[in-house]
Every structure is written in C-alpha cells, then in structure tokens.
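Read from first to last, the chains carry the letters A, B and C; within each, the first residue is number 1.
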Amino acid sequence: MSLLRKQHSVLPGFGLSLGFTLAYLGLIVLVPLSAAFLKTAGMSWADFVAAVASPRVMAAYRLSFFASLAAASVNAFFGLIVAWVLVRYAFPGKRIVDALVDLPFALPTAVAGIALTAIYAKNGWVGQWLEPHGVKIAFTEIGVFVALTFIGLPFVVRTLQPVLEELQPEIEEAAASLGANRWQTISRVLLPELFPALLTGFALSFARALGEYGSVVFISGNMPMRTEIVPLLIITKLEQYDYRGATAIAVVMLTASFGLLLLINLIQKWSRRHHRV
Amino acid sequence: MAVVVTSTFVKPRLMAEAPLRATQDPRWVRWLLTGTALVFLAFFLLLPLVAVFGEALRRGLGAYFAAVGDADALASVKLTLIAALISVPANVVFGVAAAWCIAKYSFRGKSLLITLIDLPFAVSPVISGLIYVLVFGAQGWLGPWLIEHDVKIIFAVPGIVLATTFVTFPFVARELIPLMQAQGSEEEYAAITLGANGWQAFWRVTLPNIKWGLLYGVILCNARAMGEFGAVSVVSGHIRGETNTMPLHVEILYNEYNFVGAFAVASLLALLALVTLVLKSIVEWRHAQAHAA
Amino acid sequence: MNPRAYCTKFWANTASRYSQCARLIFTQVKKLFSFSFALLAFFFSTFSSAKTIELLNVSYDPTREFYADLNPAFAAHWKAKTGDTLIVKQSHGGSGKQARGVIDGLQADVVTLALAADIDALHEHAQLIPRDWQKRLPYNASPYTSTIVFLVRKGNPKAIKDWGDLVKPGVLVITPNPKTSGGARWNYLAAWAYARRHKGSEADAQKFVGSLYKNVPVLDSGARGSTTTFAQRGIGDVLLAWENEAHLARKEFHAEGYEIIVPSLSILAEPPVCVVDKNVKKKATQAVAQAYLEYLFSNEAQHIAVRHFFRPSSPAIALKYAQHFPQLELVSIDAEFGGWTQAQKTHFADGGVFDQIYAR
C-alpha cells in the first residue's frame, strides 16, 4: 500500500486537475443546487413536512422508487447482455444496433413519451394486441416502467462497453490455461472485473429514472395516488407559485438519490479494493 | 494470427472478427445472447424509433422536408447546435480533468466527489431548470443585478447553454472514471520513468488508452445535450424562432396538431445521434488502417 | 509477466501509432471549435442587425393560430399609422408556466393568458403591473371570451347531451389535470356550477364532480395533450374542451367526424390581456404595446377572433355572428365562485377539494 502511494506521487497534475474539477463542479452544479436548499431552508418544519410527506406525495415516492428500481434492474441485466454481444460477437447490422443504443438520449424525452404511448395505447401497434387480453400498458404503472427502462438503457450499455473493450484477453487465456471452463472464467474472472462498471450503470440509470418527467407524463395517465410521479407533483406546486414546496420535494429527492449514489460508490470502492487484494 | 494476438492488446475490437479459442463462447451461447439482446433492443429501442420515422413520413417525403426546412425549425436546429457545441467541449475538459485526479490519485473524500459528479443525473430535469431560475431569475439571487446591467442569462441563449451543461455534466467524467481505474497507472509510470513529463504522459499514453471511453462519453454527452427537454424548457421562455431548441420546437409542433412536423424534427435529432456514431466508426476505421500499415 | 517490462515495450511500440490517431481527433476538435465560434458570431449578428421594433407577446396554448393571424394584421396597421416595421414574437405554453416565466424575468411586453389569476400573479409576486390592471381595458380586459363544451365521437354513440350524462357508468371522460392545466380548471368549475344549479348543495356538487372524475381514465398535463389522447389514441367517449379548441380539433381531425355538444349550462371564460408596465418602460415599447392590446378590441381583430371560434367581446360583432355561437346559460367565475383567487384556494390548492376527491 505504501509502495502504491509513493508511485502515485510520480504523476504530476493532481493539484491542477482537482482544482479545476472542484471549481467547475462548484460553479455549474453546487452553487445552483444550493439555491434549492436555501429556498427550502426558509420553510418552517411543519410546512416542510406537509409539503413532502402528504399521502399523495408518499404514493408518488412509492411509484417513482419501485418503477425506477424495476427499470434499472431490467436495464442492468439486459444491458450487460447487449454490451457483451456488441463487443464480443460479430453479426450483420452490428453497427446499426450499436448506434441505436444512444437513441434514448437523442430523442427528446417528450418524443419518447409520445412514441411509446403511440405504441402501447389501446389502438397502438403493440397495444391493440395486448389490450384484448386484458394487458394494459399505457396509462398504468407498467407504462411508467416501460418509459423509465427506455431512458435508462444507454447508461448501462455505454458504461460497460469501454471496460469490456479494454479487458485484456490474456486474463481469460490465463484462466483457461489454468483449467477453468468458460463459465468459471466468466463468473470468477470477468464478472468481478465488470462489476464496478455494472453497478455504476445501474445506479445512473436508477437515479436518472427517479427524476424523469418528460417521457412519463405522456404514458402514465397522471392519476392521483396511482400513476403520479414525483416530478409531476413538483410541477403542480409550481403551478400554485409555491416555489418553496416545489424545492422541498426536490430536496428530498436529491438527498435520497445522493445517499443512494454515495452508497453505491462506497460499495464500489470497497469491491475494487477487495478484488485487487 | 500472431499479429492479431498482439494487436488485440491495443485493439480488442478486432477480437470479434478473429476470436481466440479461450475467449470464444460456444455457438449456442452466442446465438442465445445475441438473440436476447436483439429482441430486447427491438422492443425497447427499435420500436419507438420506427414509430418516430413512421409518423414523420406518414404524409410522404414532401411533408417531411417541408417540416424540416421550415424557418422556425432551422432556427431551432441552429440553437441546439450552439448549445451542444459549447456545453460538450466544456464537459469534455472537465470530464478528463476529473477522471485524471480521481483515477490516478488516492485522496480523502473521493467517493463523495464522485457522487457529487453523479448528482446532475439524479436531479429531475424540472429542478435543474428551476435552480438556474432561482439564481438568475428576476426574483433570484443575481436577477436584480443582471436586470440593472441588462445582462440576459435565462430566457436567452446563455441560460439554455447553462442548463444543457448541467444536464450533461457527468457524462464524460462518468465514462472515463471506471475505465481509467480499471487501467491503472502503470503505463504512465513507465512513460515518466522513460523521461516523459506529465503532459506528454497524458497526451501520448493516457489519451490513446482512454480514447474509446472518451468517445463514448462525447457521443452520449452530445446526444443528451441535443435531446434535453425538461431543463431547457424551464429556462427557454419559448420565444418562437428565438429561444426554442429542437426538442422544444417538437413540443410546439405537437401541440399544434402538426404530428408529421413534430416527428420529422424528432427524427432529425435521432439522425444527429446517428451522425456522431458514424463519426465514431470513421475514427475506428482510420485507426485500424493506420494500424495495419 | 513483469508489468514494468511489458509497459516499457508497450509504450515504445504504440506511442507513435496512437499519436497519429490522437492528432486526427484533435484536428477534428479544433475544427469543431472554430465552427462553433463562426456559428456563434452568425447567431449574434442576426440579432444586432435587426433595427425594427419588436414586441414579445407571452400567451397560453390555444391562441397560437389566432395570434399567428392577428400579428401581421396589426403590423400592417402599425406600419400604416407610424411607418415603423413591427415584429411580434410569440411565446406559448401553459398559462401558469408562462406567468411564472414573466415573473422570473421573461421580457414580455404584453401577456395574454388564460385566466385573470395568472395575470394577478404578476402583481402579487413581482409588482410588474398595478393591482387594477383589469380596469385599464374594456370588458374586463378580455377581447374575447369562450366557454367549455363537449366533443363526442361521430354519431354521439353514448348519447351525451348535458353534464348529467358524464357521470353515468361506462362513460369515459377525457379532461386534463386541473393541477397542471388552466383549461382543466375551467372544465372542473363548469361541472361544479352545473351540479350546484341542479343538485343544490356544495356537498352534492362535490359528490357529482367526484363521480365525474371517477369516469376519467387519463389526466393529461395540458389541454392539447387531452385532445390528442381523445382524437389520436381513441380513448374516451367525450372530451371536455374550450369551445375554440373543440372547433379546431374538429377541423384538424375532420376525417373522424367528431361532433360538438353544447351543454345547457357552462362557464364564461374570460382570458384577459395586459401590458407589462415594468418591461415596456424599460424597453420603451409602451405606446406600441398599448396600441397592440387596444387593437384586439377593434372590429378587425374581433372578426379574426370569430374566425378562430372565440366569442367576440364587442356586442355589435357578437350580434352579427350570433348564429355561429349557440346560446347557453353562462355563469361567471366572479358570481359563482367569488373570483379566481377564491376558486383556486378552495378547489385546486394542495389539500383542496380536487385533492379530496382523489384522497383515499
């Protein structure tokens, strides 16, 4: 460990890069975000609780949390497969598929919402086949899940892809030459190597889903207590010129996602150390 | 074959074309995984894309090009490109600096710093616009001073650029950090030992090593910068032909029941994302050429 | 393998190859930069070269087509009168959101919003206008009025005639969310006014409106979103809409043959207009902004309003087009609900009657 630290001092540029990082982070993110916190700080405790813990808001937290969790889990699983296939296998049209992955970012969220609604509504391409069997997607919780899965997918794939591409085949060859079968190589050697990136992708896709607004309002139906997401409640507060109430909900969401991201980053740090040693 | 083996070290991409036995999966596994991936993507990505183009072309190519060539649509394209051209390079510089200090050094509070960098992902787009209103708005911290000096931030181009920068803030950094951590610093040490200074080590060793990650970061950052809707919507003011970006213009067209126009502009955004992917392929190809020579 | 030895070899082998690729990337980046600056310069030059007068009209959603027609007419009028070239820029969006924009510094010369409450907010939250702004122009500063009607599917298969039919089981009603849409608040209040007239007490009215919203499968965030849900997605039997929006939807989706049903009673919607004093003073556009709003009350503008299915405020013009606008009992928000501020507080604020309808 001490050897490592000594080696670290060999590389110059720590002060410059950290200084720039902190300054830019402060200017673009922290100062504006602190405005939300300060706005909320002007509220009394009772007002704050009333704003962030009413039954309607609680129902929205539940929906946002579970739909985001489900979407991020599905993305982590299928995203890993997609990234693996894109990096390791050759098949016709691979470049096009690779390009498709960025689509959720490039399409404005509202367009994604409209397109998904057009597909899954009862007269839509897919909806018209599902609705007769009693499966409703648009204007239900499942619709929210579908929209959140759509917007979160690139996070997992694009976080895994460069790491997969940099994986040195020597590791796999070494494992194979030491007698490991393919499955052992993957589960014991490759997956641990990919785990930090996978976790990052999961966390980012989850965090992004929590805050998503544009695509969800079109497909969720916005029914109070049932399919209202948290960002929609922020908008309804703003409609009443209630900036404080709006930022209060935002602060709760922010704190929750911050805690979650921090937890995941700590797990990752721990796993990396664990894995290295 | 031997050439390929060493070359895979620098360019694992070639692996796909000439896989090694130890890294090769049985045929059925390949088929199964590829099939699963394709079916999943078909449902979650291809279908929406087809829907967008289908709607855009519903009234034929004439209507499509009329919608795309409209003066307001072109103004929105211009504004979107400006916002992306400022915010993406800014975030690239930041992302590289942040990844460098996080991956190459150990210091206290590193996890906290990474989490703070992640934070803009978790902020609802509604809020990321609102916070700039709270700072620069007429009722905000700097608002009165800005109005007095006639400086326009929100409801003008700078506000749109700021909101875009905020929303795309973590992309490049987030792409590079796990990559640079996985790579370690041994090659840079080697370079330094061989007499390179810090900048040389960075330009000649680090940058080539992280170029795929950087490229993915730029592509994502760019796609998201162009497609951002919520945050920009709060700070734009929606002045037709002046402060409407492409996503906002899509909303306007949609609200005018001009569905063909709305999806046509949306398809342009999808095409812009594809263009960045084509650029990526060209870089890859040029690299492979230079490599083969 | 000894990593140090390997890296040394690796570094020596690959540096030259990579520097070539890096150079390629960075020439591209350099080109991008110079291109972006050229674009920026072009962008700002288009601003500074404009020497004509500009007005910014911040409006709500359903007036797009109306102002697109009206602005050139006024520009011609203004040119004939003063010789100046005038460009009216438009900004459209949800009424409340637009008001917030102006409060937060959007430099609107005039606001033309859906409800008086949103213009009141400009006084309350930012003192941009005096309290008595609504008295400065005729007819409560509303150049046109509208009301809430029903749009039903071809042949009116569910036989919907009046508000009472909307609470029948099996009738699906499409209306936006009153918490996020100004138009939806008019819908809600119209239903409430009908219920109070026919059922009597406030409690009965609440029950009626409650059972109406039980029949609502989707609450879109805005009025035009609801129209799309009804017309494009084919959801619901009846759409509650502004009269002008219902006509526009019929026109836009003429193939589907939607029909407009006028209920026995509805609400008088008065979308008001106002000059934003503080902004026009700074921009020195006072005279033209005032003239613009006054022009809205001229015969010419009133005719344009009629063309877009708004009910003209001028009695003479209204009489002339009486056959275009079916007669029905219209209640006003001031008489029935004690004004917008009161209605907002009772019905739509957090914990208000609308929230109680959905509370479990």
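Just so it is clear, contacts are C-beta pairs under 8 Å (C-beta built on N, C-alpha and C of every residue); 3 or more make two chains touch, one makes a residue touch a chain.
These figures come from a predicted structure and were not determined experimentally.
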Touch graph of the chains shown: is it line, ring, star, complete or other?
complete
Which chain has its C-alpha centre farthest away from the C-alpha centre of chain B?
C
Can you check which chain pair, B-C or A-B, has more C-beta pairs in contact?
A-B
Separation of chain B from chain C, taking each centre as the mean of its C-alpha atoms, in whole Å:
32
How many Å are there between the centre of chain A and the centre of chain B, using C-alpha atoms for each centre?
15
Note: chain A residues in touch with at least two other chains are 118, 235, 238
Touching two or more other chains, which residues of chain C qualify?
103, 125, 232
Where does chain B touch two or more other chains at once, residue-wise?
9, 140, 189, 254
Provide the residue numbers of chain B that touch chain C in the complex, in ascending order.
9-10, 78-79, 81-82, 85-86, 89, 133, 136-140, 143, 146-147, 152, 154-155, 157, 186-187, 189-191, 193-194, 203-205, 207-208, 211, 237-242, 252, 254-257, 259, 279, 283, 286-287, 290-291
Within the complex, which stretch of chain A touches chain C?
51, 54-56, 117-118, 121-124, 138-139, 217-218, 221-225, 232, 235-242, 245
Chain A to chain B touching residues, read off their complex:
4-5, 7-8, 10-14, 16-18, 20-22, 24-25, 28-33, 35-36, 39, 78, 81-82, 84-91, 95, 97-112, 114-116, 118-119, 125-126, 146, 149-150, 153-154, 158-159, 161-170, 172-173, 175-177, 182, 185, 193, 196-197, 200, 203-204, 207-208, 210-214, 230-231, 234-235, 238, 243, 246-247, 250, 253-254, 257-258, 260-262, 265-266, 269, 272
Quick one: in the complex, what on chain B touches chain A?
8-9, 12-13, 15-17, 19-23, 25-26, 30, 33-34, 36-38, 40-41, 44-49, 51-52, 55, 90, 93-94, 97-98, 100-102, 104-107, 110-127, 130-132, 134-135, 140-141, 162, 165-166, 169-170, 174-175, 178-179, 181-183, 185, 188-189, 192, 197-198, 201-202, 209, 212-213, 216, 219-220, 223-224, 226-230, 246-247, 250-251, 254, 262-263, 266, 269-270, 272-274, 276-278, 281
What does chain C use to touch chain A in their complex?
94, 96-97, 100, 103, 121, 124-125, 177, 179-180, 217-221, 225, 232-235, 344, 348-351, 355, 358-360
